[in-house]
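In what comes next, chain A is part of two complexes: it sits with chain B in the first one and with chain C in the second one.
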Partner chain A sequence: MARELVRVEELRKYFPVRGGVFHRVVGYVKAVDGVSFRIEEGTTFGLVGESGCGKTTLVRTILRLIEPTAGRVIFDGVDITALRAGELRRMRRHMQIVFQDPYTSLHPRMQVSEIVAEPLRIHFGVGGEEARGEVLRVLREVGLGEEHLDRYPHELSGGQRQRVAIARALILRPKFLVLDEPTSALDVSVQAKILRLLKELQSRYGLTYLFVSHNILVIEYMSDYVGVMYLGKLVEVAPKDELFKNPLHPYTMALLSAVPIPDPRARSRKRIILKGEVPSPLNPPSGCRFHPRCPWASEECRSYEPELVEVGGEHYVACHRWEEIPRVNTYMARR
Partner chain B sequence: MEGARRTSIRGSLLMARLVLSSPTGFAGAVIVAGLLILSLIGPVLAPYDPYKQDMSERLMPPSWEHPFGTDQLGRDILSRVLYGCRISLSIALLVVAISATIGLLLGLVSGYFGGLVDEALMRVTDLFFAFPRLILAMAVAAALGPSIINTMLAIATVSWPVYARLVRACVLQVRNETYIEAARAIGAGHVRILFRHVLPMVVHVVLVQATLDLGSIILLAAGLSFIGLGAPPPTPEWGLMVSEGRLYIRSQWWVSTFPGLAIMISALGFNMLGDALRDAFDVRLGR
Partner chain C sequence: MSSPLLEVRDLIVHFYTREGVVKALDGVMLSVGRGEIVSLVGETGSGKTVTALSIMRLLDHNARIVRGEVLFEGRNLLQLSEEEMRRIRGREISMIFQEPKSALNPVLTVGFQLREALEAHGEEGEAALEKVLSMLRRVGLPDPERLVNRYPHELSGGMAQRVMIAMALLMRPKLLIADEPTSALDVTVQAQILELIQSLVREMNTSVLFITHDLGVAAEISDRIAVMYAGVVVEQGNVYDVFEEPLHPYTRGLLAAIPRPGRELMAIEGEVPSLLNPPSGCRFHPRCPAVMEVCKRVKPRLVEVEPGRLVACHLYGGE
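Now for the complex of A and B:
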């Protein structure tokens, strides 16, 4: 049994919504509403869900870039939600993040050498020539070289920028790396290269990843465990192979059936087409949040919220009717 | 590093070319350069001692001997205008340096931290904006008494809120950028984020505002001197000279006109340069 590196317990983030003449709080957007999961050292936890389901808020809250409303995050045995500002800053060298859009995550007026060296300056007080060797080493590791040291972000391509962002995250040799859709702003060919690079780095340094994506194929390629998120909650968590072979939550099935299959004969496959739009997290549906779009919703689903329960073999699902509903899985059929 | 120098030189050259390529920018740059040169070597060029009175030569019209004529005490106006250049320019530069620094710091803090600090600071700036700048400067100058130092203090007191507002608005935009969040994620503290990450993104608006402000501060300083709340006589200050000549404006027009022209040309020069600078930044930042 591998060691647990990150444990998230009942994490919540509510954003107050203000309105009216007096600017009073009229409601809350429950972007993250009671999420719990754990990540073992050296593995990748993939987080998948539609745009707007709270993935980004969740990972930022885990790193305390956004203050959580409630809940705890235990990192390497330390409750980081209880740390004071100074302690948290020192802790940050062990947990880093790569953002989605490399066009906005690098300071436009800083050169690559400054960007990558800055964590060293902050945590060890070294910079300039002293840091140069280390900066160059980490740049080479992400596939860049000496010729990029003096460049500004606007002189680099999207893929190169993302490599710089990865280098910045890696230079402190963190244990835990959050990857918030690190490839979705990039061209497909560049995506593949970056993903391969991330896998390589993980096996070389035994890194632990929290990998966020809305792309189920990317998640399948990267992850050891997968969590499926819907409207601020995890609806299903399982080891990757188990989840893709045996999805239990109707939402997971719908997600899997939406993956295009490059085979014209598979056109007749059964697909689950969801009705309607994702409801507003400002006013989530009663009971199970998925019930207005679920083909198998019952009275129970409309009134009671299902808990995330283990149904065997590290497979968790939050659905009242997971045993009764038909198993639809066209995803694995494409192999 | 070598490359940093190379790129910043390249950036400055690009800026200079953008500014000089517009006619007003070119004219502004020429005027400002001329003013700077005159304030350095003006006293060398001046044909007479600006303080030397000669009652037999009083109120002489412009001539070869006195190109701008002489004033009511027989002092050479050209010499006084040349000396005045240094006074006006040093007042303007010092005041801008002080008020821009204060405004920049307060604006950074206000925009970055928000909350109560922001509320308090912004209400203070509202207070300043509620009065015309000249009236407020008059009140401060009157309270302090007429001297060049007090003139500068008075103008600086009323000039910083513009910078604070401007910088705050800019910081509000910048602080939500991902690269600021990225700085927090690598463990940077507030001071580092403010000065290394936010400041470089707002400094250009301060630069443009400061250039535009130099013109209006020269006007403001002249205005204060004109009404007797600025530099005391016999200082060769332009505003004071205009004021001293106003009794003779009908018959001896040159006493007020030449220092007046000097005020006008320098204010115009800084405004034109400032405008061109703003346009150049807009181009360079791709707006």
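Now for the complex of A and C:
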């Protein structure tokens, strides 16, 4: 078995909600509520979920861009949740992030060369001519060149900007890259290029990815392992092929069956149309958080929260009734 | 064969901007038959929304319709007076948008806005309220008697889009233009809304022009699809034909760029051109893997290669 690079243990992030005349804490938004999983070196862990499920908060908490409320993150054998600021900063060069929106994540008044060189300056105090060679090297790796060095972000297309963001993340030669919806703001033809680039970079440098997306087709293309998130919790985790061929959690089944398939012949497939929308994480439902929308919810589901348990071959599911409920598999229809 | 409900012929639209003239639409050809759902697909800037707004005559002041016809039941909408056009909007053709909340007035209740829509066409009083309530029920909104007193910000994205659909279908229009109506929604809610639109329009025999950038959504909902690139409809046909045997190199590229299990992911070379200075000849030629000499000089016409199957590409004639 491959070496473990990242281990997340019972991670929690609660945001206090204040109200009333005295501005007291009246409750908590449990954005991340006890999440555990691991990522093997050189693989991609895909994190999928709908808006408000907490996936963005989760990855930011993993990198300690947001301080966790509880839980641990072990990176390369080191508990980074216990590190002090200085130590954490040294650790950061091994873990980088690329954000969704290349229009806001790049400084508008900085040239590409400065944007990409910035991490070198911050971490090693390297700048000017010394940095330039390294900047050019990494720009070429992401498919840009010398002609882009003096450009400003507004002079670049969306795809080129995202390449710049990837170059900036890669210049410190990190081991671990968090990709938070990196292609969601891009058109499909541009997205294809960025996804191919990310795969190429991964195989060349043995990079480990945590890839966040709401787009299931993208998750399926990129991932080795997939975790499905719902209202602050992982409801199912499995190797990619296993998850798509044999989804066990009713939410995963519904999610997969709801994905629009670019093949009109797939229209006749069996689908689960869920009722309602994702409830507020401020007052999550009792018991299993999915129970108000679940077609198979029982009394047990309303009262007790199911744990994420291994049901065989690295396949984890958090559902009381996974063995009894009908399996809806839409995978074959998607070929 | 009877004439289509909507026919857009050779529509050319320019925008006058500080940077210059944006040649947004370059001879758009499109038709929607009665009771038919037609998807208009394409990437950002391909001209899908401009086409829709031209049909509705809702283009910004800096836009100019240079040429073309928008025939609705045989009448050219571009030649109607503003007064005549107002009677068409809402009653004959209505439109829903990507962001339902920005299309609703935030300081007025849902009920007020729906009744106002009816009043604009001369329906008032108890009968109007009853119509509103029954429509809200039909779009699957629970407890409509209470909902009419609520404000848009109290609604979730999915509920707001249901309200918009109710408003759009109140007058039983012949044509519904839906501009990315599910793009801001989560996939499980999107599935609900797509199912709703499909069942309602079939029931009411309303035609739909469905604008989307998502080929998956187009495959789910349409009878026919039209693919746009840089202000031109490059291909049109039955949804099964276009997905199973795409003709235009751009359509092929677009389909190959969607991640699918067991298939290699292919990208389209280059970038979408600026429409300030669009490429000569075929606007796709600088990115086309099958480019020929003629493509750089001559704009291909949209030709019918089989009944109902149209493509604008020199590979299939069209000079």
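Everything that follows uses one rule, which is that the second predicted complex is superposed on the first by the 330 of 335 C-alpha atoms of A that agree within 3 Å, B and C clash if a C-alpha of one lies under 4 Å from a C-alpha of the other, contacts with A are read in each partner's own complex, and residues count from 1 in each chain.
The rule we apply is simple: a residue touches a chain if its C-beta (ideal position, glycine included) is under 8 Å from a C-beta of that chain, and two chains touch if they have at least 3 such contacts.
As the structure is a prediction and not an experimental result, all values here were calculated from the model.
**Q** Following the overlay on chain A, give me a clash-or-fit verdict for chain B and chain C.
**A** fit
**Q** In the overlay, answer first, second, both or neither for which of chain B and chain C A:Gly46 touches.
**A** Touch partners of A:Gly46: none, neither chain B nor chain C.
**Q** Return first, second, both or neither, reflecting whether A:Phe244 touches chain B, chain C, both chains, or no partner chain.
**A** A:Phe244 contacts chain C only, not chain B.
**Q** Using the touch definition from the top, say if A:Pro260 reaches chain B (first), chain C (second), both or neither.
**A** The second partner, chain C, only.
**Q** Using centres of C-alpha atoms, tell me the angle at chain A that chain B and chain C span after the overlay, to the nearest 10°.
**A** Result: 80 degrees, to the nearest ten.
**Q** For A:Leu217 in the superposed arrangement: first (chain B), second (chain C), both or neither?
**A** After superposition on chain A, A:Leu217 lies in contact with chain C alone.
**Q** If we overlay the two complexes on their shared chain A, which of chain B and chain C does A:Gly227 touch? Say first, second, both or neither.
**A** Neither partner.
**Q** Return the chain, chain B or chain C, that is in touch with more residues of chain A.
**A** After superposing on chain A, more of chain A is contacted by C.
**Q** Could you tell me how near the closest CA atoms of chain B and chain C get once both structures are overlaid on the shared chain, in Å?
**A** 13
**Q** Hey, which residues of chain B end up touching chain A in the complex?
**A** 1-4, 6-7, 177-179, 181-189, 192, 196-197, 200-201
**Q** Can you check the complex and tell me which residues of chain A touch chain C?
**A** Counting only chain A, the residues touching chain C are 50-51, 157, 159, 187-193, 195-196, 214, 216-218, 220-222, 244, 254-255, 257-267, 271, 273-274, 277-278, 331, 334-335.
**Q** Note which residues of chain A are touching chain B in the complex, please.
**A** Touch list, chain A to chain B: 60, 63, 65, 89-90, 92-93, 96-97, 99, 101, 104-109, 111, 113, 118-119, 122-123, 128, 149-150, 152, 165, 168-169, 172.
**Q** Hey, which residues of chain C end up touching chain A in the complex?
**A** These residues of chain C touch chain A: 43-44, 156-159, 186-192, 194-195, 213-220, 222, 239-240, 243, 253-262, 265-268, 271-272.
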